[in-house]
Structures are given as C-alpha cells and as structure tokens.
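Each of the next two complexes has chain A plus one more chain, namely chain B in the first and chain C in the second.
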Partner chain A sequence: MVCSEIIAGIKNIFGTFEALSVTQAYTDEIHIKVSPGLFKDTCLALHKMLSSSVYMLFASDERRARGIFTINCVFGNLKQGQWIIISIDIPQDEAYFDSLAKTIYSASLFEREIWEMFGIQPKGSPDLRRLRLHNEVWPKGNYPLRKDFQKLQAGDLGDYEFDRVEGDGVFEVPVGPVHAGIIGPGHFRFSVAGEPIINLETRLGFTHRGVEKLFEGQSCIEAIRLAECVSGDASFAHSLAFTQAAEKISGIFIPKQAVYLRAIFLELERMYNHVNDIGGMAVDVGFSFPSAYASVIKEALLKLNDLLTASRYLKKVNTVGGVLKSLDENKKQILLDSLKRIENDFNELVKILYSSVSFMDRIDTTGALRRKTAEGLGVVGLIARASGIPADLREYFSTIYKEARFKIATEESGDVLARLKLRIAEFKESIRLIEVFVGKLADDKEINVNPEFKEGRALGYVEGWRGPVLYWMEIDTAGLIQRCKVVDPSFLNWQGLSYAVLGNIIPDFPLCNKSFDLSYSGGDL
Partner chain B sequence: MLIILQLILFIVAAPFLSGLISKVKNNIRMRKGQSVLQPYYNLAKLFLKREVVSETASWIFKATPFVVLAAMLVAAVLIPVFILRSPLNHAGDFLALIFIFSLGRFFLVLSALDTGSSFGGMGGSREMFISSLLEPALCMAVFAVSLQFGSTDILAFSGMHAISVSSVVAALTLFLVAIAETSRIPVDNQETHLELTMIHEAMVLEYSGRSLALIELSSHIKQMILFFLIAQIIFPIGLPACLVGGSFCTSFMQIFLWVLWYLLRIIIIAIAVALVEISVAKMRLFRAADFLGLAFVLGVIASVCAILGV
Partner chain C sequence: MLQILKNRILKGILTRRIELESSRVIGDADLSVRRAGSELRSLIRKKFGRSLHIRQVDTGSCGACESEIISANNPIYDLQRFGVNFVASPRHADALLVTGPVSKNMLIALNKTYEAMPEPKFVIACGDCALGCGPFKDSYYVCGAVKDILPVVLHIPGCPPNPLQIILSLIAFLK
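Take a look at the complex of A and B:
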C-alpha cells in the first residue's frame, strides 16, 4: 500500500483524521505523524484496518534537542511487507498520552514499560504496575531511560500487587524466582482449585540489565556485541536485526553473498534451538531416551556452528555491512554432509516420539492457546503460527526466501502437540533452505562493505527462531546510537503462556512452559 | 542371629539397587552415568551435613524420619528372607505389612504439611491420591498369594515353589504397584528438577542432612522389600534345608550358588524397572488412576485364578 491508500483507509474508519506528516521513509516503512489528541483513534483505525496487533510501542526522550518526548507505535502490514509507524510528540511538562490498552490488549505491556522507564503516563490504562523495576528495590520517581537519569535516587519503596482469586478451596501456589533447575528466574503465581489452574500470574524482570540504556551513546560497530547478548540463544537473530536497522539508516547495501550467508546462519540458529526444545519437551515428561538423542543432535549442530564460524552460538559473525565469516568450498561440503547426517538422526528422533503412545498422550490437547486468544493478546512468532495465525516475516519481507519458495508452516490446535509439529516442520524446512542457499553462494570473495554512518531512524526486523526480533534505532550525526528499542518475541509471548495453561493441571505447567520456551533475558532486557 | 543378618542385608544392599537402576538407565541413554555406589556416597554426605529445620515445624517434622525408617525396618524383618519363622511372626501377617507401609506414608504426608510450604501440601495431596488407588491393588496381589497358600500368613511368600498363572499375574500387579510405590516413571519421576511435577520429592523437599538421609534410606529399603516380594513370587525358590531345619548343607558351593541366585533375582527385577522407566514418558497425574486401576484389575484376576487353582 502506498501512503495515500493508507490515509484513505484510516479516513474511512475515522473520519476526522488529519496527519501532520506522512512519509515513506524506506520501501518497507511508512511514518505517520499525528497530533497527540488523534493518537488513540488513529491507532485503533490502523489496528482495525490491518488487523495487526501492536508490534512495538515505545517512547524516546528528545528533550535535550527539541524539548519533547515522542511516542511511536508500530503496526505490521505483513501481507504487503510494510511497517506502519504512528508517532506523536508530547511536550515534556505534559507527559501523558491516551492509553490504547483497553481496546488493543497487546499495547498494555508496552504502556507499563513506558510508564516505568520514562514516567510518561498512559492515561486511562487499567494496569500501571511495574514490569521490571520492582517496587521492592526501585524507589518511586526513578525513570532510568530518561536521558538525564544519572543514578538511583532514594525514595519510597512499595509492594507488588498480585491478582487475587478467592473462593472455597482456591489456593495460591507461588513458584520461583529461584527454581530447582538451571533456568532463568521468573516468579509464577498459580491460583488453583485442586490441581487445575484457574489463574496464572507471571512476574518477570529479575534479569533486567538495562540493555536499552547500555546501547545509548555506543557506536554501531561496538554495539553489535551487546545485541548478541540480549538473548543468548538468539544471538544471531538479535545481531541481524540490529545490523539491518543500522544498514537501513545509513543506506548501506550489503553484498549478495552476505545476504545468503546471513540466512544460512539464521537457519542454523533456528535448527539447534528447535531440536533443543523438542528434547526439552521429552525431558519434562520424563521421557529421557529421546531427550538424550535430541541433545546429541543439538551438540552436532553447535559443533557445526563452531567449525563454520569459530563460535558455537554464532557470535562475532555479523557486522554492519555484511558478515565476517565466509564459507569456502571445503566448509560448504562439510555443512551439506553434516546436514544429511543430522537430518537422518532427526527423522529417527521424530519417529521415536511419534510412536510413543505415552508421550503423545501427554502433549495432545495440553496447553492449548486458541486462535482468538492469541490474536487478542498479540502473540507473535512460532506460538502464533501454532494457533493458526500465518505470520512469518520470512515469507513477507525477504526476497531470497521467496526465491527459495519458502512456505509458512502453521498448525490449528495451538496445543503442545501443535508447537511440537511446527518445530519439526520448521527444522526440516530449515535444512532445505540452507541447501538452497548454499547452492546460491557464488565464488564472490566480497562478504562485507565498509560502512559509513548517517543520521536517521529505522526499524530492523528478523524472524528469529522464537519469532520476530525487532530493533528500532535512532542514530545521531556522530554515528552514535541515541535510542535503541528492542522487542524480543518473548516479551509478548509470556502473556500467551499465562492463558495457555488455564484449565490445565499444575504438573503440566513445565511442559507448557517448555513448549513456549521463552527467554527471560530477552523479555527483561 | 539370622534375623540380624537379614536386617543388615536390607540396610547395606538396598541403596545398591537404586544405584544400579540409575546406571542402567544412563547407559541406555548413551551416557556414562554415576557409579552404582553413588547412593552410598549420597547417604554418607547427608549424614555428615548439618540440618536446616523450618521455624514453623513441629515435633512431627523431626520425628517423621525415625518413624518412617523404623516402619521399613520392621517390614524388613517381618518378611521371610533367611529365616522361615521371624521372631515377629505372630505380630502380624500380610495385612500388617501393608499397614506398616501406610504408617510411613502417613507420617511423611503429615510432615510435608507441617512446614507449611506450598510444595509440601501439593506433594502430600498427590501422594494420598496415589496411595488410595495403590493400596487396593497391593491388597489384591497379596490376597492372590494368600489364597494359593491358604492363609494370610506372611510365610506364603516362601511357601511357593512353582509358578502358576495366578502367581505370574500377582507378580505383575506387584510390579506395577512397586513402580508407583518407589516413585518411578510413569507415575512419578525421581530424577526431575521440576518442583511442580513432583510427588514424593515434593514431600521431602524441606528435609536436609541426617533426616533426609534417613528418609532416603527408608525409600531404598522399601524398594528392596517390594522387589524381593516380586522376585519371590515370579522366581520361587525355597530356603535351603540347612537354614530351615538345621541339617547340614552338602557343600559351601551349594549355599554360595543359592545366595547368588537369591540376590540375582532381585537385580533382574531392578533392571526390568529401569527398562520400563526408560521406555515410557511420565503419565499425566490423573492418568495414574488408570494405571493403578489396571493394577487392581490384574490383582482381581490373580485372585480369581488362585481360587480356580490355576
């Protein structure tokens, strides 16, 4: 859709719409600026028109230069490969905007984030509890993402209020944040009547490290290493989204060879994580043989990564302007041979799982997230596809995936079985894609170009193995990062988990959790 | 004299079985696994450690490990292993054995509730749910053996000399019961770190140090008693004449081979349990009702077979 079509579309729903400016910033990004009073209605109109959830909603502190905060809301027009970004300027002494949360639920977490990080109030929001800056340790009145935040000021502490479910025979079971296994910290509060769960409230934020603040003031080249650490199991997806944003702003075109190499590494990352999850589901139902088998396959993939890039987790591979590691003839051959072996092993693993009645009985119908709920929550990525929502950025935004005839895999039932099937399908598709991409690699030696940075702002996005990894970047004239907003798919999908487990029994929670396999650090930032 | 030997055998050999099961499982999973002696190391470590006791715990919490261990030790001397007539023989029969098991369980559940942690309550309620299904099945298996023998006297177990349909089915029932009793897959999972899925482990989560060692030791002993009973039904051999009547054995070799076979049977059962554990996934909690329901039905079939004399 071009700008005029979008304006006409919004006007159709919301008659008095008037934009301050509409620009096609890049071929895949349209920026619409409106006055603060029209923000809510414009967002609602776009939400309705594109049937898109809120992918990102974030603030940015520009008080030093212009004396304002800006609020940006990103919608996806996936079918046409476009992002539409609504932004408003709000004066610093009237730091509030109209809340979207009551109509668009997917905005609610973002609004809580803006409130705690910037102290900009979403007016009319039903829930303003803090997500990451826990009241018990962070005094009121500290807004760390404001530019003038220096260090923590003393102030009143408070408590967190959990949703309460009361009634005869309803018990609360608090679990975590310290768990018995080696996993991330998260606090889960179950309200149960007997074994079935009637409410689950997740409290996260224990691994909050202030990533977005750390990005500020760094140069793009050194900040790549930081992007790789946002979520350790998706380090390539994060570094890719980051570099794509930086390249878009500076107008850098990377060599074709690097485009294919990036796709190959991205798929390798998807593979080792998917097989890890499949093994994890088996271990959570005490089915230990297949889980041991899956860990053998995962190790083979990590070793392959190490051999190809000298990093088991694909770190230090990406750079702005291309990639640092190439595949010569020898490595290509090793890659293809290893994939053949891995595919055989993987098929064997799938056969063991599918032929085990006890395993299938555990995962079938467990932890179902219905499509309607998933859409309402704005769940993204693999979890959304398992509930029947055909959303995969690879299909809509990438030309090389189109050339390779990539097909979105979706499932309808939204239960643990659906997520397992989807992981299996995507693993196999990844092998096929890598084989296609390796075939396309030319002898061309050039795998990166020397970047020259320009001022600007843009969105970088990648379909990582969990789902879309989104980076909004603002770079100043010196080439330093002014604002970097990161959205890992885990951030939105934790909500999905809380709804998927309802009506299931407590001992099935770990299985549901594993089938989602969300990142604590990616969500907590 | 022999009764003391029997008691020592149970205390000394019981942890070995757990170590063996874990070793077999790990080897099938292509892992080297811990040493079969690991349960002994664990016990030694725990005996040397200081204990941490919750402030809200009452005397029940402190008494439970002793009650549980005492119950298992009484059970261990009640059954005929080396001697036909236990000094406690008149104290009880088969049903007493089942009640002694229940006594230990009852105290464990009480102590789980005692500390007021959410996992203890969860584990306790699940344990009671499982045990209410498990005890009838155990009773039926025991009845089947008693019917063949003609009395609920505990001697029935050593009085069996031939395999019948009834005893095979009864052994199968006991096998299913033993899996549930020893908290193994598919009913429970001893290895899990997922506190939300635990049954037995959730109950003893608050224990540490010496108390935990005592509880673990009693679990090992309970496991060995159950395995022994199964072995006695499915591989029936009597006691050698020398132990029963006091007449001299023909040779040491004979008695050595007998002891070897006597113990080997238990090891075979342990390996069978390990194979079951490795080849199925844990069931949904409420499916345990189906599993133990099946055990109960098998127990009924065993009893009917015993009445029919097959």
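Take a look at the complex of A and C:
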C-alpha cells in the first residue's frame, strides 16, 4: 500500500482526518505524524483497517533538542510487508496522551511501560500499575528513561496491588520469584476454586537491568554485544534486529553472502530452542527418556554452533555490515552432515513422543488459548500461530525466504499439543531452509567493512524463534544511539499464558509454561 | 516402549569421560578455588564429602547461563555422577549458585534464599555478569555483582561458561 491509499483508508473510517505529515521513510516503513488530538482515532482506524494489534508503543525524550516528548505507535501491514508508525509530539509541560488500552487491549502493557519509564500519562487508562520498577524498591517520581534522569531521588515506596478474586472456597497460591527449577525469576499468583485455576496474575520485572538506558550513548558497533545479552537464548535474533535497524538508517549495503549466512544462523538458533522446548514438555509430564533424548539433540546443535562460529549461543557472530564468521567448504559439509544426523534423531524423538498414549492424552486440550483471545491480547509469533493466526515475518518481509518457498506453519487448537506440533513442523522446515541457503552460498565476501553511520531512525525486525523481535533505533549525527526501544515477543506473550491456563489445574502449569517458553530477561529488559 | 528400547540400545552410552586431573582446562576457576583457602576446603571436605547440593538463583541473567547449567546435567556431561545435585529448595542446599547481575528487584529474594539455607553454606557466582555485572555494570537498576551482596567463594567465568567449565570448577571446588 502506498501512503495515499493508507490515508484514503483512514479517511474512509473517520472523515475529517488530516495528517501533519506522511512519509515513506523506507520501502517497508511509513511514518504518519498527526496532532495529539487525533492520535487515538487514527490508531483505532489503522487497527481496524489492517486488523493489526499494536506491535510497539513507546515514547522518546526529545526535550533537549525540541522541547517535546514523542509517542509512537507501530502497526503491521503484514500482507504487504509494511510497518506503519503513527507519531505525535507532546509538549513537555503537558505530558499526557489519550490512552488506547480500553479499545485496543494490546496497547495496555506498553502504556504502563511509558508511564513508569517516562512519567507520561496515558489519560483514561484503566491500569497504571508499574511493570518493572517495583514499588517496594523504586521510589515514586523517578523516571529512568528521561534524559535528565541522573540519580535516584528519595520518595515514597509502596506495594503492588494484585487483582483479588474473592468468594467461597477461593484460594490464592503465590509462587516465586525463586522457583524450584533452574529457571528465571517471576511471580505467579494463582486463584483456584477447587482444582481449576480461575485466575492467574503474573508479576514480572525481576530481571530488569535497564537495558534501554544502557544502549543510549553507545556506538552501534559496541552496542551489538549488549543486544546479544538481552535474551541469551535468542542472542542472534536480537543482534540481527539491532544491526538491521542500524543498517537501514545508514543505508549500509549487505553482501548477499551475509544475508544467507544470517538466515542460516537464525534457523540454527530456532532449532536448538525448539528441540529444547520439546524436551521440556516431556520433562514436565515426567517422561524422562525423550527429554534426555532431546537434550542430546540440543547439545549436538550447540556443539555445531560452536564448531561453525566458536560460540555455542552464536554470540559475537553478527555485526553491522555483515557477519564475522564465514562457512568454508569444509564447514558447509560438516553442517550438512550434522543436520542429516540430527534430523534422523529428531524423527525418532517425535516417534517416541507420538507413540505414548499417556503423553498425548496429557497434552491434548491442555492450556488452550483460543484464537479470539489471542487476537485480542495481541500475542505474537509461535504462540499466535499455534492459535491459528498466520503471522510470521519470514513469510511477509523476506525475499530470500520467499525464494526458498518458505511455508508458514499454523495450528488451530491453541493447546499444548498444537504448540508441540508447530515446533516439530518448524524444526523440520528449518533444516530444509538451511539446506537451501547453504546451496546458495557463493564465493563472496561476507561483510561490508568500515560502514559509515548516519543520523536517523528506523525499525529493525526479525522473526526469532519465539516470534518477532523488534528494535526501534534513533541515531544522532555523531553515530551514537539516542534511543533504542526493544520489544521481545515474550513481553506480549506472557499475558497469553495467563489466559491459556484458565480452567487447568496447577500441576499442569509447568507444562503450559514450558509450551510457551517465554524469556524472563527479554520481557523485563 | 519398543521405540524407547530400540533407541536406548542403538545410542549406547553417550556420557563423555571427563579428565578430572586436567587442571589446565580449569584455568581461572582453579585459581579462585585455591584462593578460597585451605581452611575452607578442609571444612568442605569434612562436611560434604564428595557430595554437593546446589540451589540455583537467577538475579537478572539473560538466560544463557541457566541454559548451560541445564546442559551440564544432560546425559553427555552428566554432572550428577560427581555427586552434584540441583535441589528445589534452599533448605536442602549446601551451596547457592547465582547467575546474572543483581537486579534491585531480586535483592530481597536473593537474601531471603541465602538466609533460608542451613549452615555451612557457600555462594558460587556463575558467569561474567555474576562476577562483575558484565555489560550491565552502569545500570540504574543493578545493585552490583553477587560478591557485593553475599560472600562468594567460587567464580565460574564465561559468558556463558560452557558445561565443561562449570563441571570442572565445581569438582575442583569439592576436591
């Protein structure tokens, strides 16, 4: 869709629409600027027109240069491979905007985030509790993402208010932040009536490390290493989304060789994580042989990563302008041979799981997330696909995946079984894709050295193994990062888990949780 | 069932031999063990023998350190054969294995977990973040590295440390 079509579409929905400016910033990005009064209506119109949830909603502090804050809302026009970004300027002494949360639920977590980090109030929002800066340790009135935030000022501390479920025989079961397994920290509060869970409230933020602030002032090359540490099991996806944004802003050319290599590494990351989760689901029903078997396959993949790139988690592989590791003939052969063996083992693993009636019985219909709920919440990535939403950025945005005839996998039932089947299908598809991409590797250089950085702003996006990893970047004239907004798919998908477990029993929670396998650190930043 | 038996027989034993003597591989970890002092080590030997029960706490890690700790327990590395077990409750633990820089939100939980452990108890820091906060050093929300909060007797360096490093460090600590 070109700009004029979008504007005509919005006008169709509410007649008097007048944008301040409309620019096609890049082939895949349209920026629309409106006056603050029109923000809510414009977002509603786009939400309706594109049937897109809010992918990102974030603020930026530009008071030093222009005396304003900006609010930006990102919608996806997936079918046409486009992002549409609505932005408004708000004066610093009137720091508020109209809340979208009541009509577009997927905006609600983002609004809470803006309120706690910038102190910009979403007017009319039904929920302004803090997500990451816990009231018990972070005094009121400190907004860390404001540019003039220096040191923590003393102020009132408080408590977090959980939603209360009351009634005869309703019990509350609090769990966490420290759990029984080797796993990240989060607090889960179950309300149960008898056995079934009737409400689950998740309180997160325990691994908050202030990543977005740490990005500010760093050069792009340095900051890649930080991007890799946002969520360690998706380090390649994060570094890739980051570098894409930087490359887009500066118009840096990427050699074809690097494009294929990046896709290969991205798929390798998907594979080791998917098999890990399949094993995890087996652990959580006490089925130990396949879980051990899966961990052997995972180890084979990590070792393969190590062999190809000298890093088991594909760290220090990616950079702005290309990749630092190349695959010579020998390595290509090792990669293809290993994949053959891994594929055989994987097929055995699937057979073992599918031939166990008790296992299948346990996961079928467990933890179902219906499509309607999933759409309302704005969940993304694998979880959305398991509930029947055909959303995969690889399908819509990437030419090399199109060339390779990538087939998007979806399931309808939205339960643990659906998520298992989807992982199995994606694992196999990844093997196929890697084989295709390896065949395309030519004798070309894999990096464009000494790239020059320009000023500007852009969105980087990648379909990581959990779902879309999004990086919004603003770079100044000196080539330093002014703002970097990160959205890991876990951030939106945690709410999906709260709905998927309803009606299930607490002993099935670990199973549901593993079938989602969300990142604590990715969501908490 | 037949599937399982078939694969069990075909695969054989995957567990890899680990040369405990090769202190070369241990590198820095070996040094920090020595620094832990002979007094402490004799205490460990006396109290725990060759067994160690560990409770893991994530105070803000990126998740890769956990992933490698889990890998150390897989059939290939099989940490359990050396008498090291991961337990579900701090009440059952001899040592606390901490990953990640300490986020403000985890400070209370970390201290409470430590308090819940019976004496004698030890703290082990796993990964560069736990060691010195890694890339999160200057964050407004990080209280410091683990050693700033609790007495740490063993450091396992790496980002993330690989399973072999983890195992060798722990065994060296027990010896």
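Note that the second predicted complex is superposed on the first by the 520 of 525 C-alpha atoms of A that agree within 3 Å, B and C clash if a C-alpha of one lies under 4 Å from a C-alpha of the other, contacts with A are read in each partner's own complex, and residues count from 1 in each chain.
Heads up, the rule we're going with is that contacts are C-beta pairs under 8 Å (C-beta built on N, C-alpha and C of every residue); 3 or more make two chains touch, one makes a residue touch a chain.
Nothing here was measured: the structure is a model prediction, and the numbers come from that model.
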{"item": "Which of chain B and chain C A:362 touches, first, second, both or neither", "value": "first"}
{"item": "Which of chain B and chain C A:178 touches, first, second, both or neither", "value": "second"}
{"item": "First (chain B), second (chain C), both or neither touched by A:225", "value": "second"}
{"item": "Partner chain(s) touched by A:396 [first = chain B, second = chain C, both, neither]", "value": "neither"}
{"item": "Chain B versus chain C as contact partner of A:292, first or second or both or neither", "value": "both"}
{"item": "If touched residues of chain A are counted for chain B and for chain C, the larger one", "value": "C"}
{"item": "Which superposed partner A:282 touches (first chain B, second chain C, both, neither)", "value": "first"}
{"item": "A:55 touches, of chain B and chain C: first, second, both or neither?", "value": "neither"}
{"item": "Which of chain B and chain C A:75 touches, first, second, both or neither", "value": "neither"}
{"item": "Set of chain A residues, in rising order, touched by both chain B and chain C", "value": "180-181, 289, 292, 296"}
{"item": "Chain A contact footprint on chain B (complex, rising order)", "value": "25, 28-31, 118, 121-122, 185-186, 189, 191-197, 277-287"}
{"item": "Of all residues in chain A, those that touch chain B in their complex", "value": "171-175, 179-181, 195, 282, 284-289, 292, 296, 356, 358-359, 361-362, 505-510"}
{"item": "Touch list for chain C against partner chain A, complex", "value": "3-4, 7-8, 11, 14, 56-71, 74-76, 86, 88-90, 100-101, 103-109, 113, 129, 134-136, 138-142, 159-160, 162"}
{"item": "List of chain A residues in touch with chain C within their complex", "value": "132-134, 136-138, 144, 149, 152, 177-178, 180-185, 205-211, 213-214, 225-226, 229-233, 235, 276, 289, 292-293, 295-296, 298-299, 302, 312-313, 315, 348, 351-352, 355, 519-522"}
